[in-house]
Structure formats: C-alpha cells, structure tokens
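For reference, the structure discussed in these notes is given below.
Labels run A, B, C and D following the written order; every chain starts at residue 1.
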Amino acid sequence: MIREFLATRFRTEELCKPLAIEDYSVQPIVDVSPPKWHLAHSTWFFEAFVLQPFAADYKVYNEDFAYLFNSYYNNAGERVLRPNRGLMTRPTVEEVMHYREYVTTAVEKLLGQKPDKEILDVIELGINHEQQHQELLCYEIKYILGNQPGFHEYSTEMKLVAEDYEHTYLSVKEGVYEVGYEGNAFHYDNEIGRHKVYIHEFEISNKLVTNAEYIDFIENGGYQDFNLWHAEGWDMVQREQITAPLYWHKIKGKWHYYDFSGLRPVDPDLPVLHISYYEAFAYAEWKGMRLPTEFEWEVASYQFRWGQVWEWTASAYLPYPGFEKAPGALGEYNGKFMVSQHVLRGASLGTALGHSRNTYRNFFHPSSRWLFNGLRLAK
Amino acid sequence: MIREFLATRFRTEELCKPLAIEDYSVQPIVDVSPPKWHLAHSTWFFEAFVLQPFAADYKVYNEDFAYLFNSYYNNAGERVLRPNRGLMTRPTVEEVMHYREYVTTAVEKLLGQKPDKEILDVIELGINHEQQHQELLCYEIKYILGNQPGFHEYSTEMKLVAEDYEHTYLSVKEGVYEVGYEGNAFHYDNEIGRHKVYIHEFEISNKLVTNAEYIDFIENGGYQDFNLWHAEGWDMVQREQITAPLYWHKIKGKWHYYDFSGLRPVDPDLPVLHISYYEAFAYAEWKGMRLPTEFEWEVASYQFRWGQVWEWTASAYLPYPGFEKAPGALGEYNGKFMVSQHVLRGASLGTALGHSRNTYRNFFHPSSRWLFNGLRLAK
Amino acid sequence: MIREFLATRFRTEELCKPLAIEDYSVQPIVDVSPPKWHLAHSTWFFEAFVLQPFAADYKVYNEDFAYLFNSYYNNAGERVLRPNRGLMTRPTVEEVMHYREYVTTAVEKLLGQKPDKEILDVIELGINHEQQHQELLCYEIKYILGNQPGFHEYSTEMKLVAEDYEHTYLSVKEGVYEVGYEGNAFHYDNEIGRHKVYIHEFEISNKLVTNAEYIDFIENGGYQDFNLWHAEGWDMVQREQITAPLYWHKIKGKWHYYDFSGLRPVDPDLPVLHISYYEAFAYAEWKGMRLPTEFEWEVASYQFRWGQVWEWTASAYLPYPGFEKAPGALGEYNGKFMVSQHVLRGASLGTALGHSRNTYRNFFHPSSRWLFNGLRLAK
Amino acid sequence: MIREFLATRFRTEELCKPLAIEDYSVQPIVDVSPPKWHLAHSTWFFEAFVLQPFAADYKVYNEDFAYLFNSYYNNAGERVLRPNRGLMTRPTVEEVMHYREYVTTAVEKLLGQKPDKEILDVIELGINHEQQHQELLCYEIKYILGNQPGFHEYSTEMKLVAEDYEHTYLSVKEGVYEVGYEGNAFHYDNEIGRHKVYIHEFEISNKLVTNAEYIDFIENGGYQDFNLWHAEGWDMVQREQITAPLYWHKIKGKWHYYDFSGLRPVDPDLPVLHISYYEAFAYAEWKGMRLPTEFEWEVASYQFRWGQVWEWTASAYLPYPGFEKAPGALGEYNGKFMVSQHVLRGASLGTALGHSRNTYRNFFHPSSRWLFNGLRLAK
C-alpha cells in the first residue's frame, strides 16, 4: 500500500504543476474550491483520521489547519465557511507543500511499521478520498482556466477519444437482478450490499451521445421548447440563459469550447460533456428516449465500454436496503447527501486509475455542469 | 357526474366561507397562493380545458383572466408571475364568485348535453384538479390565519383524531410485488401502470408518529445533533432556526400550536403534523429506524389505517416504467416535476372524500412544512 | 382645532372610499404600505401620543394594535416588520374603521375639555402627521391600482393642470439670504431656525418641466447616454430597465400613462411626474442646466407658482445649524433620516390644503419614483 | 515631473513588496479590489489616457488589458465586472510587473521629449490617480491580511502617532468665508472654484477622537441606544452585528485590533480608526456635539494639525457652484459620484506625500469602514 499511497500523493501534485501560483487560491463559484485547498484538505484528512488517532508521537503540523481545511465533517469541529475558501491567501502554496511533505512522510513511516487492518482501512479510505479530490481538481482547474479571458492551456494530453465503432442498442431481459458491491476490495458504504431489484425489459445504447448529436438538439430548438424540460430545469436555463453546454462559445456562427489545451472548435465525434441532468433529460425527451436507471446501467454495463465521462442516470441518490453509515466523522462521507442528488455511473478522464468500478455511485445535484458528465440513452 | 361536479364546486366555496374578504388576497410566502387565486384558477381550468375547446357557443368571461389565473401551464400562454399573485387586488372576491357561477353554469349545461367520453374525462380531471386545490386551500388558509398575531379561529371541526389502538409493527415478506394503478376509475398519469418491484423483508408501524413521541425527539436534542440530519436539512434548520414543527410555539415552557380553532396546547396523542422530509428523516434516524419507500407503503397499506395525514416516504418522485405524459398543456400536470421532490402517500383531513387511493402519489419538495404531513416508521 | 382635527380624519376616510376591500391590505413593494395600515397607524399615533399620556381615563382600544401599527418609533416599542405589513389580513377594514371612530371620539372629547398648550401641540402634530399619511395614501393607492392589469379608475378629479403661461427664467442676485421657518404656526423641527446662507447669482425657471419636454429627452436617447447620469442612477436604470417615468407604457408607438382615471395618452402640456432624483438630474444635464438647491428654491419661491408636484432639489437632506431633535419618540420624526436622502420642495395634488409652505422640507431617497415628484430647472 | 512620476510608480511597487503572490489576487468583498488589479489599473490609466493618444509610435502592451483593467470609465469601453476582479488569476503578478515596466519606460520616454502642457496635465492626473490607488492599496492590504485567521504582519512602520498635546476647542466667528481651491498646482475638478459660504459661529476640537474616548462610548452602550443613530445606521449595526470599529476583537475582556504589525491591544491614546459615518455621527450625538461641515473644517483647518486620518464631515458630497466636469472619460472621475456619499477632509497615513491639501474633498459612502477614517468634533 505504500506504493499506492505515494503514487496518489504524487499524482495530486503533478495535476497542479502547470498552474501559476495565482491559480491556486481562487474560488470562482462556491462549488469550485481553490486547488490549494484540495492540496491541504486531502492532507488534513490523513492527519485527522490516520496520524492523530494512530501515529504514536505524531506532532500536528499546525493546530490552525483543522479549522482551515476541514470540508464538511461536523464531527471534526468548526471550520472556515465554504464560500470563504477563496479568501485564504495564507498559508501560501509553498507552505501547503511543506505540510503535504510532512504528512506524507509521517504516513509513510506509519505504513512502514506494519499497522493493523483498522489503520490500513483508514489509509485506504484516505487514498480513495484523495483520488476523489484529484477528480474535483481536474474539474476546478478547468473551471478556473476556462473562465479566464485568455483561455490558457493546461495540458494537451488530457482529452477524450471518439467511440469510433458501430452504434447499436443492447437488450436486457425483464427479471430479478442483483446489484451492489460484493467483495473484499475497497468500496464505499453507499454501494453495499448486494441486493435484488426487479428490472423491466429495456435497451441501452452502446455509445455515449456525441457533440454532433447534441448540436442537433441545440440547432433544432431544444433549449427553447419547454415541453422537453423539467420545471426546475426550465427555470434554470431561463434564469442563467443557458443555450449550450458549459465552456461552449459560438464564435462567428461556429461552436467552440474550452478544453484543457485552449479554445478550439467543438469536435463533433467526441462525447458531449458538461451538461446538467436537466439537459441530459431534455435531450433524451427530444430523442423520444430516456436515461437508464442506475440499476439498468449496472446490469448492462458488462456489454458496453465506459469510463470516459460520468453518465447521468434517471435515479435519485438514495440508500440501498440496509444501508448503515459508519459511526463518527467518516459516517458523514456519503449518507448525509442522500437527498436532492442524482446518481452518475461510470468514470471520467479525471478519475484516478482503478478508482471506479461498475457498482460505484457518484452523485451530484441535477444542476451540476462543471464535472465531466455526459449521457447514454436507453429506451 | 353532474352531482360530483357541483359538489366539488360547492365544497371549494364552503371552505372559504369563514374567511374575511381581506384573507382572500394575501400571499404570505411564494408557496402560499391567495385563496381568491385558487377560486379563480380552478375555474379557469374548466374554462380553458373544457368550455373553450368543447362548449359550442361559450363566451369567455373575461379575456384577461387566462393571464391572471393560469398557474404553470406554459402551453396555455403567458401568466402573472407566481410571486405576484398576492398583488392582484382585482378582480375582487365578489367578481371571482360571479366568474365561478358563470363557469359552473356553463359546465353544468355542457354536462346536461350528454357529452362524449373525451369531454367527460377532462371534466373529471377538472374535478380532481379542483379537489387538489381544495387541499392546498386548507394548507394556505391555515398558513394565513396561523401567521396573524391574533391566531384567529377558522373551524372547530377540522381536526385529527388519535389512533387509540395498540401499537405494533406489521411484517411484509421479501419478494416480487406489483404496484401502481390498474383499473378504470379516475387516476393520474404518474400512478400507472401496474408493474413489478422487488421488495426486501421489512416491518412497518401500524400507527403514525405522535406529538408525544416527537416532543421526545425535540426534548432530547434532535434538532441539535447534526449526525441525524441530511446536510441539506441541517443547513435549513440552522438557517431558519427551526426547533419544532411549523405552527408550534413554546409558551411558558409548554408546547402550543395553532390548529384551525386557535392557539392551544399540543395534544400528545395526535399524529405529528407539519414537518419537512428532513425532520421526518432525522426523527427516524434518532429512533434507529427509517421511512418506508413508496412501494413498501403501497404493499403494506392494506394492513393499516391511513388517511389523516400525508406520510413522507423514502422515495424520490420519479417516473414509473413506461411513463408517458399526455400531449399539450395537460401533460405538464405531473411529469415536469419529477426531479428534486419526495413522494408522500396516504391522504389528509384536507383531502376531498374519495380523492385519494393507495396508489396515489403526492409529491413535494423535501423542505415543505405547510402541508398536512407526518410520518410512519419502518425498519 | 376640533374642526381641523375632524376634517383631517374625515379626509383620510374619503380618500379610501373608492377602494375595494381587497385594495386595503396589499403591500406591492416594501415602500408602499397597505391603505388599511395608514388608517390604523394615523389613529394609533393619536392613541399613543395624545390619549394614553393625556386623556384621564382613556381605555386602550386593543393592546395588540401598538405592535401592529407602530411605524418606526423605536421609543414606542416592538412592532411588525415593515415588509410584513401586507400580510396582516386582520384586523379587518371594518374593525380598523371602528378603531378610528373610537379614537376620533376620544380626541374630540379631550379637545372639548380645553386642554393646555402641550396637548394641543401634540394634537396639531398628529393632524399634520395624518396629513402626511394622506399624501402617502395617494401615492400608494396609485401604485396599487396602477399595477393591476386592469388599470382601474380611482377618481376623475384628482389631476394636474397645465401651466399655460409664458416660460421665462427668473433671476436672483448673489448675496446673503435668510432661509428656514420663523413664526408661530405649525412647522417641523427640520425647518427651523431662520439662518443665513450665501447664494451665488442664478436663474430659475418659472415653470415645471413638462411631459412634452421629457419625451424629448427620452426620444433623444437620454436613458441610453451614461454621461448624463450619476453612477448610482445609471446602475438603477440598467438594472431595472427603466426607460420612462413610472406608470408610463408605450402602446403602439405612443406614450400612455396610468393616472387616477385609468390608462390614457400622456398629456404633453402637464408637468412630468414620477421620476427619481437620478432622472431629474440626468434631464437637467441633458439640457445643460441643473436643479436648484433647496435654498435657491426657497429664496426664489416668491417669484413663481408652486404646489402641483414636489420638486427635486440639488440638496441632500441635512440638519440646519443648531438643529435639535425633540426628546423621546417624537424626536424620531425627522432627524434620524438625515443621511442618504434628497430634499424636495413645494407640495403636490396629494398634499392636504394648508399642509405645506415654502420652508417645508420634504425628503426621499434619490431612487424614489412613486411619489408625485417632478422638476424645475435652474442655471 | 519625471522624478515625481518615477517616485510614484516606485512607491506603488514598494507598498506591495511584503505581500505573498497569493495575496495579490484576492477580492474579499466587492469594495476591496485585488492588489494586482491596482498595479495593472494604474498602469492602464497611463496607457489609455497618455500613451495611446499622445505617444507617436506606442504599441499597446496587450489589447485585452483595457477590458481587464478599466475600472469604471464607460467612455473607455466594456470591462470586467467589478465583483469579478478577484477571479482573474491571469495575467500573473509577474506579467503585470512587466506591463508596469513597459508602460513606465514609455511614459518616461515621452516625458523626455518635453511634451506640451496638455500631455503634462494628463500625466500629472495619472500620478495623482496612482497616488489615490496607493491609498486604496493600503486599505485593501489591511483588509486582506486583517481577515486571514493568522493576522499576518505587513509592516511595523506604518502607524499612527498619539496627539500628545493639550485638548481645546478652537473658535471660528460667524460670517462669509471663501472656500475651494484656487491656484495653479494640481487639483481635482471637484474642489474648484473658490466661492463664498456663510458660516455660523462654531467651535472645533484641536484633536481627533481617541480610542480611549471611543471605548467609553462602546462601554456605555453607544451601539445599543437607537436614539443616537440614523435609521440607516441603526439598520446596519443591527444587521451586521457591529459593536466596535472594524478590525477590533474583544479577547478575554480586552479590546484588540489588527494593525499592520499584527493583532495587538488597542492603544488608548491613538486616534480611533475604521468607523463608518453612522458611527462617527452616533459618537458625536452621544457627546452632545456634532461633526463639522466640510466648510467649517476647511475654514478652521489652519488652526489644528491634520493628516493622520481622514475625517468624516457632516457634508454630503455635492457639486460646488459652477461645477463642470471634463468632457470624455476623465469627466467620469468625480462628478458621477455626487450623490449618496459623504465628504471626508484631511489625509491619512496611507496618503502619498503632498497628495492632499485642505481643499481636497475625499468622499465615501456613509457605511464605509475599511478606509483610514476617524473623526473630530465640533459644537
């Protein structure tokens, strides 16, 4: 596990390498935390839940940091209010990097002492936790750079690939199926336990919806026809004057978007990205189809390729039968968000290798557009 | 159907009888429309969807009313913005009553001409629609009078009764069950069609949670323990400083509430009323139990009495397999709200006789507290 | 004084006569209080400041009314928050009328007992106070009816007349002048004492700006040229998309406005009404002139006719040299508003006969448009 | 003028020296712009108003910067909305410094070419403009660092000194006085021309109000007694729960404040700082005195020392007789703010040497507390 731990710590820092110091501290919208905050928070997580309880003579790096870098764990005490994360110019990036190094070394040392399973479990959770923040980092770096008037390049490597195989609909027969996680590898509390669901016959696309298909929807008035939308979605597109996915700009009659390499023409063959659940739903309505439920997706997932973009499902994020949250702060990880969110399945190009699986339940508010989310149709 | 139609029209007016003219026009919060608006809107519904399309030489009462009294039917044109309903002092109550009489007479005449099934169906929808607005009227009259410093009496008859039989938990076996409406009586598009679901073994209380039990939760710090709450619910109780159900006031150390007869001590034996989904959930957490899903409720509903209060379920409001909305304005009735809402099952003392059934799916935002909602536990 | 008192009480009620009961309770914007509130508040003023302190065995009509109908007198205790005045459907209009009668009778009785000067002074203040609320009533009735889709008639008599004499500019010589109230008649604390000011030579128009002149400004892009506006005014017209005075509507290319008799074409010869200070200022800029200061206005006021509309001056509302407010609640009448307001001079068709004089200082926030305000140019 | 120009440019950069890169980009409240923005904006001012119109073959550094760094000059085109200044992480501080150097060199070159008076005048305005932004920088650096949980040191040198001479009240006789700027040195359009005012006899303190005196006001309930406050001020202290000047914290019963050297006990002998106009007014009310008008201050200013803190006056910010704004963008400098602001006279320790004079009219909204403002009493 030492290797996995160090690789995860290293990747977080690698993701931030292309940034200017100025990019680290900004919080352009409440949902988008500063990269510096992620660097520190994922470190505080190890300090608070691994080192303080389990490392014999560990000395806290800075007593104030718990206040500064706790996210939402009420059990772990008071904290800076979320909208104020972008106001913390201090500690500086340099000091946060020292903090990371200090904690990384301490955890490494603890791991070298062959700790027992309880400790290993929390470290594994910390690794998975940091991988989730890596994904958020990707979203938020994109948001920060994609909203600068200069559309600065971040990376030319992080990009989607076209699904260039034949399009078809895969069938699943009606009946009782089992869903949910079962096994001994790492998993979250929200995806256990394995349980039965009744599924009606359905078909599901073997490919994601592409930009070309989505442009069709736009050009044919999809954003203007209220009959396609949820009331709540219609309110949002009206209020925020949304007429295309996030990061899209129409320049001289042609759609462009910001991807990590700068502002460029929309590639028609790539999967569409950065749409809210409302937009995904409206698109499906327009096609006379629908989104799959999370169980349909899971059951069918052996039949198609997935992993480039998170896929909105028709399912609200609710507990599985028998769900029980862990006691204390770690119990706040998932359970308390089980209302007003929708489930996404799959993984994205921001997801750490090996982090996701076909029972993994990602969840966001239906209005969320800054993550790497797209859609797959069912009928 | 003439009798049912006239009875419904009459009951709406009866519900308003105890009001002063001044009470008819006020909109204390956006969610609570003025009684006058309900009187007119339920009338406009018949005019727009029954008389204008189907009554040969019907003359519209007042061309402006469509603009004034359309609620949310985009297909039916522009309308007064919801937050402005309380600003319409004109037409007066008297004129709205004339409007009602005019339309009632015209529909009665149409019904006397033995119209075909298409027309009868829309009239039946109109009746059910008006019954739903009767229920809203009950909620809103309570909100209007319950927020006057004088706590004025509305009625001494509209009250809950205690469930004074023995408390027990009823068992339901694991397996595949059928849920959803099937039959020829009136029903909404959101409750068809009959379909299979897989249900795990569970137990459900034969009684609703009472005020005495809920006071226990309050007095034992339920509103102060964040571990019991959804993040969103915790935000709401903090922000709005909620420490008890709506209409509750602690006076000299003793809980009182406004019911329709005035301000009086809380009756410990009655079912608790006026709590949000978040509060229902937190209460269940505190008891180490949970809310039933809407399917568990439906399957078990033959085993317990229901109908005094709407019961929050653990289910988000989502379409049934194969759901299709009607074309045109009437298709906006249910489908477009299928996101961010939770399902309530049962009926309440504000529900018109015969309006509900055990497949009926009521739905509200999890934060809603002004309806007649309570809870029943499952485990 | 009995006659003056009774006449004032009577006129308030006369002003409300044309209203429907529904019109009495509504508060369309925070600034516009319900007519019922004015009826009760001007009554409470006599009860709280005259009857309770001075009428031997006066019995308070209803102990709750102090809470309901105090406006802003912190010294007189807690009160309903201003934005909630429109939510009070009770007491009804009928009961408020009883309250008026009860208090009117009691004050009449007290006046019959030949009270001493201290009491007479407060009653005279109460009369003037009620006259001010009569003027607010006029504004607010216009706002309530003028924002109903039906543009209902209130009165055909309350209307401006054209100033149909020759237009000229009157000169005032540079020098030291005396301004401020001096004498023994009723006056407010903000207009005493008589004091010297130095005034530079100026000219002032003998006529108010007319609708025709103002339409010129509109049609020549006055609302689009930021160079004419205060930063704060420009923000307001942008944010609220203001392109004409309040109550103006362009219908088929022609300007109309709501006056008390309904919606009708703008009369070009009448003084322009319902413009904010920002608009008055921008208009003056556009003409290459300016507004007079309140002292210029006062010094010149003997030379022109005034009294149809309140005239914005260039002066901020500040205390006169030696200003001292009265002790207790009545000291809150004027002094605490002496920041962020601009002075208006004159009177309007809503002003009670004899209520104003040329030393009278009216004041409102620069953004106010619902009063009867216009402008006169100086240079 | 080259020397003055270079010294000003140099001082701006010196003021920023103690900052970490992270401190440059943040905008904690709308009023407080990022230091980086000031560095760039004061540079753009020279580029837009000096180099582009007057330097023969000047090449604009970056066409985008006009959009990024224009403050409020509508005549100079579109710009980043003020609340978004803190979101611009790019250009980086380093690039902004290059921009400064590039423009400094170009202006220096232009100055070397013996430009005519028109050009020199604009450069002098640019110097004064940059000096004003230096002062804002001081305020805003204090705000940024003083709101970090760490209360970081900025400088140990920038501090007030006690006025340790005897306290007395200076008398001014009633009569006609001349006020306003007259002369050939640099001055703003808002302080010309010299004109007569009539002043009544008054006395003015020879010293500023001290922290000790202000603590007296606090400890004697000054913030709790509504009779001392403007209605608007009372609303503000209630809403924002203000109980002391900005940056003050009560720690273990003792008042501390953040000054540029960190968090330290309040020094009782220093002038009080960081109070709004409302607080200054309430303090004066409590003492039974008042603030001087700006003309009283100016006339008396030869009799007392001033220059450590800006002093609130009782005067609203209004144009002098005959005020005319310059044509084009530079005309937006002062005139468009002449509403809803109050005048401050004097200078502060953030003011550049020689920047102020006793006719200088500084102005801010009455609620402003983050500037270096205090008060002097009159009676």
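Things to note:
The working rule: contacts are C-beta pairs under 8 Å (C-beta built on N, C-alpha and C of every residue); 3 or more make two chains touch, one makes a residue touch a chain.
These figures come from a predicted structure and were not determined experimentally.
Least step count on the touch graph, subunit A to subunit C: 2.
In the contact between subunit C and subunit D, the residue numbers used by both copies make up over half of all numbers at that interface. Centres computed as Cα averages put subunit B at a distance of 57 Å from subunit D.
Distance between chain centres (mean CA atoms), subunit A to subunit B: 36 Å. The mean-CA centres of subunit B and subunit C are about 45 angstrom from one another, to the nearest whole unit.
Multi-chain contact residues of subunit C (touching two or more other chains) are absent. By the contact rule set out at the top, the touching chain pairs are A-B, A-D, B-C, C-D. Remark: subunit B residues 20-26, 28, 36, 64, 67-68, 80, 86-93, 144, 147-150, 152 touch subunit C in the complex. Residue ranges on subunit D touching subunit C, taken from their complex, read 72, 74-75, 176, 195-198, 200, 226-227, 229-234, 277-278, 281, 290, 314-316, 318-319, 321-322, 331-332, 336-340, 342, 366.
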